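Chains here go by letter, A, B, C and D, matching the order in which they are written, and residues are numbered from 1 within each.
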Amino acid sequence: MRESTFDFSTTLGSAWFPAPVFTASGCASSGRELSQFFPLDSIGAVVTKSVMLKERLGRPTPRMAETPSGMLNSIGLQGPGIDAFLAKDVPWLVENNARVIVSIAGETVDEYGVLARRLRSVPGISAVEVNISCPNVDNRGLVFACDPESAKAVVDSVRRTLAGDLPIIVKLSPDVTNIAAIAKIVVDAGADALALINTLLGMVINTETMFPHLGGKTGGLSGPAIRPVAVRAIYQVHEALPTVPILGMGGVRTGRDAFEMILAGASGVSVGTASFGNPSAVIQVQNELETLLMSKGFNSVREAIGFAHRPAPGPSST
Amino acid sequence: MRESTFDFSTTLGSAWFPAPVFTASGCASSGRELSQFFPLDSIGAVVTKSVMLKERLGRPTPRMAETPSGMLNSIGLQGPGIDAFLAKDVPWLVENNARVIVSIAGETVDEYGVLARRLRSVPGISAVEVNISCPNVDNRGLVFACDPESAKAVVDSVRRTLAGDLPIIVKLSPDVTNIAAIAKIVVDAGADALALINTLLGMVINTETMFPHLGGKTGGLSGPAIRPVAVRAIYQVHEALPTVPILGMGGVRTGRDAFEMILAGASGVSVGTASFGNPSAVIQVQNELETLLMSKGFNSVREAIGFAHRPAPGPSST
Amino acid sequence: MGQYHQLLINVGEVVRHCKPGNFVAISVGGENSSLILRRAFAISRVSDRGEYGGTMELIVAPHGSGSRWLCAQEVGNSLDIIAPLGTPFGIPTAPVQALLVGGGYGSAPLFGLAEVLKSRGCRVDMILGASTVAKIYAPIEGKRSVNSLKIFTEDGSTGQMGKVTDLIPGLIADGQVDVIYSCGPMGMLSAISRITQGTDVVHQCAVEEAMACGVGICMTCVLPVRKEDGTISMLRSCIDGPVMDGALVAWELVGKNGMTP
Amino acid sequence: MGQYHQLLINVGEVVRHCKPGNFVAISVGGENSSLILRRAFAISRVSDRGEYGGTMELIVAPHGSGSRWLCAQEVGNSLDIIAPLGTPFGIPTAPVQALLVGGGYGSAPLFGLAEVLKSRGCRVDMILGASTVAKIYAPIEGKRSVNSLKIFTEDGSTGQMGKVTDLIPGLIADGQVDVIYSCGPMGMLSAISRITQGTDVVHQCAVEEAMACGVGICMTCVLPVRKEDGTISMLRSCIDGPVMDGALVAWELVGKNGMTP
């Protein structure tokens, strides 16, 4: 299918990927489980579940609620902690020839710095995704991505530590008044690329118990329901910062959806919730996207990035 | 069906309504069209399409795009202007015994004041809904609801003009970092009640033309897709301001959905997009809600408002 | 049927109220559908002589999710449908020379219209067009109700190669047309309006704007229409249309920014 | 079938890999569904002697949108299904005295399990319970594969009035139970774990937590399980379960805030 003249590769900062479709953080665990459904080295990269410094049990169940064309989750960043993660998960991915983007999440600015330091010398990592936008951590008051000062501080800290060793992708929350402004701040602080968007804060009330359904009360809304918000965020940020690469995500389920995000300005696309309904979603989206790009006459992914921003054709009649 | 002991009425500030289900602004035109499907006096109230000072043609077509469990609209506040509206639409609604909530939208702070003045002496109006959150007006930079200072200024201006003659319901946008903070500001400025939520800003790109699909590029996302965001906003604002009545809306399609919003803290519920798929949605939601409230043992709407905020039961086992 | 599906729907008494140019709005996708809006379809023909009372015929092009779902329904399935909707074609009180012009599935409502016009003593000529033969909708029995039928395809795969509009100026110049009834893509409708401009020919066109509600409450389906004083109104094509006076539609403003009343 | 629907699904070769305790994940709502997550169902029985090769039986309670859609499917419809999933019941290598306890549709996988245990020479007693007779699932032919079957309903509408747990302490005290296999509501499973605590009886329970993915990638389906050192892990019930060692599940922490590893 792939013709020799068609270039399906993409870049995020200094990181190169043979294809532009990725898993989404938290929607592929550490990659192993999905490898039953497709070879991990065939997709752009595996973005791992946000890892924290220490082991974390996360939120109580119920942790999910299905909503119209979407779902809420309140996992609360359950995970093994950075040491166990680096000892077990990364080596397995590297052995299996997967490109790896490690997502990190901290409870404090310093923690992000410490996490970044641990990653510096680890072989086989393509980039770091800095999750400053998880709405599930206990201190909601301190969602880094919603506060320009803390967002900047986190990126500063990671930037200083990594010093150019690995590209830094900063993942933003859509739950802000002006996402382009936050984007500009984190790019000025040293982000090489942006990941857009994390989940929207939502809630479902169980009408039987008449209490919030989720153990964590609120949860993150994902899935096709949020795609129009994601496309808008990507479009706005690409318009404001046309040279900054964007990893787009939020409700992508088909090649058409991935194509839409690339037209809006994404250099790569992550598939999250769609994998829950269809464990082969990532590879299917990637194959459909390739076919679609070629059928539209593009010679590369690059040509299509932000194509929807080109000037509109003039009036055809006078 | 309705038992004499069950009180289905509700209030928003000093305005009383025999039932708690309303149309949503912009989703019932001026009421007339829906009256073919149910008698307008049987529902709580008709909230009219936001009216501006002057006649307005609105945005170019296409003005809508269907999205998963939702839709985008970019109407751009097309309307006849306040004079024609007061001459034609309000008298018709009053004649048909509908309770009327007039939604107003201005391009400047002063315009809101002027609009409010026109409403003061009009007979048959129950309340004013101040739409400070429409994301479709041309100067996106100036969405009042996203800027605390302008939000306050608008409410000040309306408050001064109406001077207690009519309850003021201020309608907020979910596209803000902290909706409870904005809610507090407008209540301090004199809002008697809040309407939550307006549409989320979204975009669809037409993958055929490879341009934004809507004539206005971005549009407002509504429908079931956004319900979890609406419930969250209502819950947060009710938690922060438990005495301020809320008119809830965003994706309500069934009695269960309306009940969910009341449990979260809404005193009344507007049905918008659901009417497009089912022109009898408003009356159906209202009937289902009444049955549901009674079957759960509530004696009034009042008892159920914010019920999901009650303390959780203690652990059943030790 | 070429690329089209013919749907026969049992609607009972409702057929009595259906006039050529009316449309219906149908829920698609079933009970848990993520498609929340109805789809509009022109009523092609109605009959009240069906086995179970009134039936209605729709001509559906399987295009996107909603129409494909509809075309996949099996005989006997029930549909959630609102009908009839919209302003129908105006029928002249005296016999006239009528030219019916259809593009693609736009010809669907024209055959029912032709029958009514014939019964009023009108002369009915019809021109149908499409990009290619598979997109021409022209049922055999439909030909009985017209005096003449010409077919155009852009690729010449059937009928003449060319566009429906090619013949119209000549027919008008020859005085063979009093009223044009048209239904099809917006480009075709506006082209016909340009042709009739400055002539005495009345142009009744059935427009097709994306509709969210179909009943007049959402304002998504509007078209710029010139009022008598020359100013512009945005009229709802679902209730003030779909049939509109082609001479009044401000075609050059459709989809344009910065309109003022 | 009382309140339950019995679904027979043709799955071909797959049946060879299905063991008692495995489950399947099915897409619901059709092509344009707003229900984006699969629904999990325990495999009740499999047979490879069907007309078209292997078939699988599910017992479905029509509860919400997804299960109702599934129960409304007609014979011949095809389903999007992933199978088998999860860790099945452990089968003892030597004959033991097994007690199988099922609540509601939780009894579905127990009959297939009973057959396997019998074939290994085990003694198999079964206790089923539900709130009322319509919620008891106990197919006639199933009775053949057990040595004894007792039924409890809370309202006494069939069998004895009471709960499945009423008899268990006595059976354990009498030395009639080596292993308990259970499937049903979480309350029932935790009650059985309390009963077996401090005894030698092994408790293999099939848990049911809400699952978004069913394949181990989402972390929604976790349960607090005690490790050897007494600390807590949150294990995924879709891949580390649904069958878990009841003695290790920290039932008192399920759904509780503020857990630490």
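Keep this in mind: a residue touches a chain if its C-beta (ideal position, glycine included) is under 8 Å from a C-beta of that chain, and two chains touch if they have at least 3 such contacts.
Here the structure is a predicted model, which is why all the values come from computation and not from measurement.
Participant: Kindly list the shared contact partners of chain B and chain D, in label order.
Facilitator: A, C
Participant: What is the chain whose Cα centroid lies farthest from the Cα centroid of chain B?
Facilitator: Using the mean of the C-alpha atoms as each chain's centre, the farthest one from chain B is D.
Participant: Could you grab the centroid distance between chain B and chain C? Build each centroid from C-alpha atoms only and quote it in angstrom.
Facilitator: Computed from C-alpha means, the inter-chain centre distance equals 36 Å.
Participant: From the C-alpha centre of chain A to that of chain C, how far is it in Å?
Facilitator: Between these chains, centre-to-centre, one finds 46 Å.
Participant: Averaging over Cα atoms per chain, report the distance between chain C and chain D in Å.
Facilitator: The computed centroid separation for chain C versus chain D comes out at 57 Å.
Participant: Once you find the CA centre of chain A and the CA centre of chain B, what distance in Å lies between them?
Facilitator: Chain A and chain B have C-alpha centres separated by 33 Å.
Participant: Could you tell me which residues belong to chain C and also touch two or more other chains?
Facilitator: 34-35, 256
Participant: What residues in chain B touch two or more of the other chains?
Facilitator: Touching at least two other chains: 68-70, 223-224.
Participant: What pattern do the touching chains form: line, ring, star, complete or other?
Facilitator: Looks like everything touches everything, fully connected.
Participant: Contact residues on chain B for chain C in the complex?
Facilitator: Residues in contact with chain C: 26-29, 33-34, 36-37, 49, 54-64, 66, 68-71, 73, 75, 78, 215, 223-224, 273-279.
Participant: Would you tell me which residues of chain B are touching chain D in their complex?
Facilitator: 68-69, 224, 315, 317
Participant: If you look only at chain D, which of its residues touch chain B in the complex?
Facilitator: 34, 252, 256
Participant: Quick one: which bits of chain C touch chain B in the complex? Just the residue numbers, please.
Facilitator: So the residues of chain C touching chain B come out as 27, 34-38, 82, 209-210, 212-213, 215-224, 232-234, 239, 254-257, 259-261.
Participant: Which residues, counting only chain D, touch chain C once they are in their complex?
Facilitator: Interface residues on the chain D side: 28-35, 65, 69.
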